[in-house]
Amino acid sequence: MQEEQIARGLADKIEKLAAGKEIKIMHVCGTHEYTITKSGIRSLLPKNVKVVMGPGCPVCVTPQAEIDAIVELAEKGKVICTYGDLLRVPGTKSSLYDSVGDIHIVQSISQAADYAREHPDREVVFMAVGFETTAPTTAAVLLTNPPDNFSVLVSHRLIPPAMKWLMEQGEANLSGFLLPGHVCTISGSEEYGQFKVPQVIAGFEPLQVMYGLYMLVKQIVEGRAEVENAYASAVKKEGNLKAKRMLSEVFEVCDIMWRGFPVIPSSGLKLKPQYEKYDALKKYGITLKGGAETRGCLCNEILRGVKDPVDCKLFGKACTPLKPVGACMVSTEGACRIWYTYGKAVKSVFTAKNTK
Amino acid sequence: MEKLAAVQKMPEKVSLIHGAGGEMMQSLISGVFAAIRNNNAGGIGLEALDDGAAIPFGDQYIVLTTDNHVIKPIFFPGGDIGRLSISGTVNDLAMMGARPIALTNGVVIPEGFPIEDLRRIVRSVDETLEEAGCALVTGDTKVLPKEALDSIIINTAGIGITDNPIRDCGLKPGNKIIVTGTIGDHGIAIIAHREGFKFGSELRSDVAPIWKTVEAALDAGGVTAMKDPTRGGVASVLNEMARKSGVKIVVREESLPIRQDVRAAADMLGIDPLEVANEGKAVIGVEADRAEAVLEAIRKTRYGRDAVIIGSVEEGSGVIMKTRIGGQRFIEPPLGDPVPRVC
Amino acid sequence: MCLAVLAQLKEIKGNVAVADFGGLTQEIRLDLLEEPRVDDWVLVHTGFAIQVVDEKEALEMKKVLDEVAAINEGMDNA
Amino acid sequence: MEKLAAVQKMPEKVSLIHGAGGEMMQSLISGVFAAIRNNNAGGIGLEALDDGAAIPFGDQYIVLTTDNHVIKPIFFPGGDIGRLSISGTVNDLAMMGARPIALTNGVVIPEGFPIEDLRRIVRSVDETLEEAGCALVTGDTKVLPKEALDSIIINTAGIGITDNPIRDCGLKPGNKIIVTGTIGDHGIAIIAHREGFKFGSELRSDVAPIWKTVEAALDAGGVTAMKDPTRGGVASVLNEMARKSGVKIVVREESLPIRQDVRAAADMLGIDPLEVANEGKAVIGVEADRAEAVLEAIRKTRYGRDAVIIGSVEEGSGVIMKTRIGGQRFIEPPLGDPVPRVC
Amino acid sequence: MCLAVLAQLKEIKGNVAVADFGGLTQEIRLDLLEEPRVDDWVLVHTGFAIQVVDEKEALEMKKVLDEVAAINEGMDNA
Amino acid sequence: MQEEQIARGLADKIEKLAAGKEIKIMHVCGTHEYTITKSGIRSLLPKNVKVVMGPGCPVCVTPQAEIDAIVELAEKGKVICTYGDLLRVPGTKSSLYDSVGDIHIVQSISQAADYAREHPDREVVFMAVGFETTAPTTAAVLLTNPPDNFSVLVSHRLIPPAMKWLMEQGEANLSGFLLPGHVCTISGSEEYGQFKVPQVIAGFEPLQVMYGLYMLVKQIVEGRAEVENAYASAVKKEGNLKAKRMLSEVFEVCDIMWRGFPVIPSSGLKLKPQYEKYDALKKYGITLKGGAETRGCLCNEILRGVKDPVDCKLFGKACTPLKPVGACMVSTEGACRIWYTYGKAVKSVFTAKNTK
């Protein structure tokens, strides 16, 4: 009940602060979306304060070409280890889930390496998705001599270059960013100073998110453009220096394509030459087939915050969580999936506010 | 036209999600199995899609139910497929308000299955029967080639007797909703165990025959509806009961009984405990003025100690959760079996 | 991205620790921490501790409560 | 010591032969499932290993039975798994002397199974229910990954009502043995079809619900025992009835009703029609002085036209065939599922 | 060895014939016969006709019956 | 009833003819054994006329090495086509039934060749067992251009060389042979003239077998040693000349090992050089591993007629139809299997004769 009081207090402040303005906030973290949705935060916010989801779900931004590659490896008899999130993401023809291969869901890359160690006769490939938070775990495992039958398909991406590219498009009508707390735990807050927009780093408990939103609305309304930290217990200015050292020991920055986006400069990670022996693509001679993404899918615009899922002609028709066309419909944190599942809850916001 | 379109939208092939206990399973059942016209022997039949059927016999009802059990692993913390197969059917009978009398066991075994495992399952079946106070009276055994089937399947059907069957569609506005114990224990324990996650402490399935708990609730009076939150979990069952009863259910997040370790594991696995199976719990609708008495009676039983009132019934439709921070959202039935996620 | 959970280190052996997740324990890897110590509270993501957090309380409601209480008062006064 | 040795001789793993309906299945059941102590709800229970169980209810009996259906192909000449699943359970109820009332359907479907096939099965289920005059009142649906299961499995349990259950152990010396129709039709048709042998003419399964035939026999009076010769065929059922009744059965080879085309296909396949399944037949023991009356009553029914007396019951043990040339040999229960041979 | 069944040729197309096995017909191969003709009775082993038999009666009981009847008489007279 | 009268008549004659003598007849055909057993012929014969089974079941005489070879091919992913009879025959480690491969039961080698034609992407191997009756069907298929993905493991054997070897051992106490009707349909009767023992060619209907036995007992008692034909409708003196021509076009005679026997000279068939491309062993580089047959198994002596199954210490204990040690326990026409299954019927013979 105390939590409820505090949340309502924050919501009231937000409403007062934002009165008369149209505010659109982008977060770039699937887990923020999850919290927002699961605790009904949108139902607490006034109509004129909108929260949209940016390119913050690693599953959503993994292009079909990379899915096709891991499916190809599965079909060639490699043991594929992956996080459960990626299981249903569709490639051109199939998802891992629908492929014929030997697919293991792991909770950690270190389970995948252990599996390879315990099964020296099998070839084990780990599908390494994730942003700054996850990439260091890949580095840590590669730095501790995994066995020869282990390799990774590196699909790591970096958040700030994507935000930069996004803002350069001009085409995104955004008032400010709620920054991803766990990404910043590794990368620190400094890097985000380059963006001259209101930004607040937030945690993931419902009240932490409410608190971050409150700080961000306040900053927007007050006309400031800084990086504020509402998650100071975990996020240091410099981030996790050891993790960053390990990252740069194993990886170097590269240009990379994002699903829904073109190639974004310096937004990806690739293995340095001395670790290339763990590169599954090189090891098994797989080339990523760039190619047309599915026609009609607006993932692109949705991730940029200029379209809503309901603007997509395929939404709920050709594209459903059961037969997703774009990745935004795949992840439980994908914008389309969330609108499909909880869409009606948006209505209940207003019902709630109108009837009370 | 609306309806025709819905039927045509049915996919061409059955997919896993059709078996996950959610909306898709409903659509498979209503799109395919509902075509059976010989679906009723005089009482509550197949068309009701309740926990079982009820057939008038003299001035009582014979309740009949069936379930296939396909769980993996077959031995898991807190139970095994043997205990599950008996509990599942005893509980479906109980959900119809019926005292379980006699069960059947239809076993399909893959070639190469260890006889010792079979013995262990049979022991567990017997212990659970003993606990539930009923008998396994007839069975069938088939063996399939190892290429055709990879793990044992047990079907258990059963009959029970009641004067007065309880439906899953009997909720009325004003009723209270009771859950007879902690939520998500079975599903979270199974997923954690199955995925090979190493948890130091013991997450345990709640699999148990809960007729005695249900009997206590019925004796206390005022029960309007019951359903056991197995596949699809509490999220699925609340939606089904609300839909069939033509009412809205409002649940308070903070009242939901979830074990600390289940919550922790669920957080780690990225899975919602409301969306996973329970195998020793009931969701019970009760008239408001009997709610406390029923709750008290349930709490006195072995498997009802953690029972709580989690919400209430209103006019309207859907299942709404009032969240801890005062927000609200729909509780939707899960689409498929939950998969662990990291982001 | 990215699901992370709070846990307390109970036992450390090289780059692996047994961590308590609130009733559950699991082994996690410590590779990414400079100097982990038993009793430290850490954020765990995909089986790795990614940061030591200042105090247990830091991540709990208490701090937010206090801050927000202050804000509420401030605002009400404003 | 004898018994212990027998138990120890049980192999470590289940093999296909344990499911083939012969002696090995008996040994699996008696070595493993017989350990269940909660096996009886007051009448005929699991220990009897009869076609079903019978539970006293008022002055009648509820008969309960279950069967898993795992046939391949699922659509075959003369029927399909849907018709089979209903007929199998109706017939087991009938074998206990019970009028079939209500059935359950527990379906396990492999991922990727065509919805249209499912619809076709459901239509067939419904038609067979119509014919049998009973209802399918409750069900369960599970879906397994394509790696875990390769074809649909249907469990059907059912209840029936009788004043007076018929056992499979009631044969008395002097009784006559009636078979209600031609032998081996189902098994030979399935094997021929499954192995892809091209037969110009149509071998057809006899799968049918035969309650009305059985009812006619019961009404004529004098029936002492019944069993349906499914897995393991007439060879297996005769042995089981003789063993359980503590009698010897003597059968005359020349009286066995075997269709000309079944005989021809069986010869070509090197398979004995006595050792394959029938799915629309009963083996009935009758008091000698009622035998002709019962036979006549059976022959008036749709599925009883080819009924004959194939032998008689004597003191002793075993099943003896008096061959066409006046030799004699034991009819032994088959060890495993028959496989076509060429030499 | 070796299971062989009697059948009658109903239709011949090259080295394949439709054969009647007493209510059942099946295609069989004729490669091993010199001059198969429709209505011939043949012995079929593993899908091949291995020999034309003199007459249908030849393989039926009739001939044996006669022979044996003769033997029986002969013996009885002996 | 007429059949029964005739059979009893023949049995009576046999009893009278054999009175005071011990007569032991060997047949060399599994199908004879099947008829004898299924129609209870032994129950009609007097105690002093015994009928034993010789090396006439192709499955029984196929050595482990050949089973091991076909199992190896199955495990290498070849599609194996076989007659159902061979399915459960144990090799050193496994039978085809217990192997992991793709095994098809066929009724004819021509089905196997058709399968290969319809599945050009699969490698199809047919296990060609059988005596003179079956070998011509293999020849016929190889003479009609089967596709390149089709080959055969040739396991054909000839009856007369085995009988010859058997008689040369001296160790078989036999009064005469019931010759295999269908083998003789192909090979004719002439060849058997080389054996100076009583022989009668018999058909397979119960009365035909009884008739053949009667003729043989008569010949034995009368002290003749000729080849008589009790199956004249199908067996010509010269046999099937066309089939024999095809045989010699495709095959040449070779020495070969029989299960339970050593290598018997000129008792096997191998492909002539121009058909070697269809030789599965050569095609896939498999060598037959000769080696010790299972210890304790008396198949050897049983096939030679000097021991009965019950003389074997393994009989019914380590060796049962479910877990056969020797091939005689595998085939439904194997002597051990028949004794195991119908053994009691032997007793019923005497019961029958004593109580009537």
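Each chain gets a letter, A, B, C, D, E and F, in the order it is written, and its residues are counted from 1.
FYI, contacts are C-beta pairs under 8 Å (C-beta built on N, C-alpha and C of every residue); 3 or more make two chains touch, one makes a residue touch a chain.
For each chain, UniProt lists the protein as follows: A, F = Hydrogenase expression/formation protein HypD; B, D = Hydrogenase expression/formation protein HypE; C, E = Hydrogenase assembly chaperone HypC/HupF.
Remember, it's a predicted structure, so these values are computed and weren't measured experimentally.
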Chain grouping by contact, computed as though chain D were missing: A, B, C | E, F
item	value
Chain B to chain F, fewest steps along touching chains	2
Chains in simultaneous contact with chain A and chain B	C
Label of the chain whose CA centroid is most distant from the centroid of chain E	C
Interface with the most contact pairs, given as the two chains involved	B-D
Distance from the mean Cα position of chain D to that of chain A, given in whole angstrom	59
Distance between the centres, which are taken as Cα means, of chain E and chain D, whole angstrom	36
Centre-to-centre distance between chain F and chain A (centres being mean Cα positions), rounded to whole Å	71
Of all residues in chain F, the ones touching two or more other chains	3, 6, 30-31, 57-58, 83, 107, 111, 130, 134, 207
Chain C residues counted as touching two or more neighbouring chains	1-3, 45-46
Two or more partner chains touched - positions in chain B	11, 15, 17, 197, 268, 270, 341-343
Pairs of chains, among all present, that meet the touch criterion	A-B, A-C, B-C, B-D, D-E, D-F, E-F
Contact set on chain C toward chain B in their complex	1-3, 5, 18, 21-27, 44-46
Residues of chain B touching chain D in the complex	10-20, 25, 28-29, 31-33, 35-41, 44-46, 50, 52-53, 55, 57-58, 62, 64-68, 70, 101-102, 104-116, 118-119, 122-123, 125-126, 129-130, 134-145, 147-151, 153, 155, 157, 159
Touching residues (chain side chain F, partner chain D) in the complex	1, 3-8, 30-31, 37-44, 57-59, 83-85, 87, 105-107, 111, 130, 134, 206-207, 210, 321-323, 332-333, 341-342, 344-345, 348, 352
Residue ranges of chain B touching chain A (in the complex, touch as defined)	11, 15, 17, 24, 195-197, 254, 268-270, 272, 318, 320-321, 323-330, 332, 335, 339-343
Residue numbers on chain A that touch chain C, as the complex places them	2-3, 6, 9-10, 13, 16, 29-31, 56-58, 83, 107-111, 130-131, 133-134, 136-137, 140, 143-144, 180, 182-183, 185-186, 203-205, 207-208, 211, 214, 232-234, 236, 240-243, 246
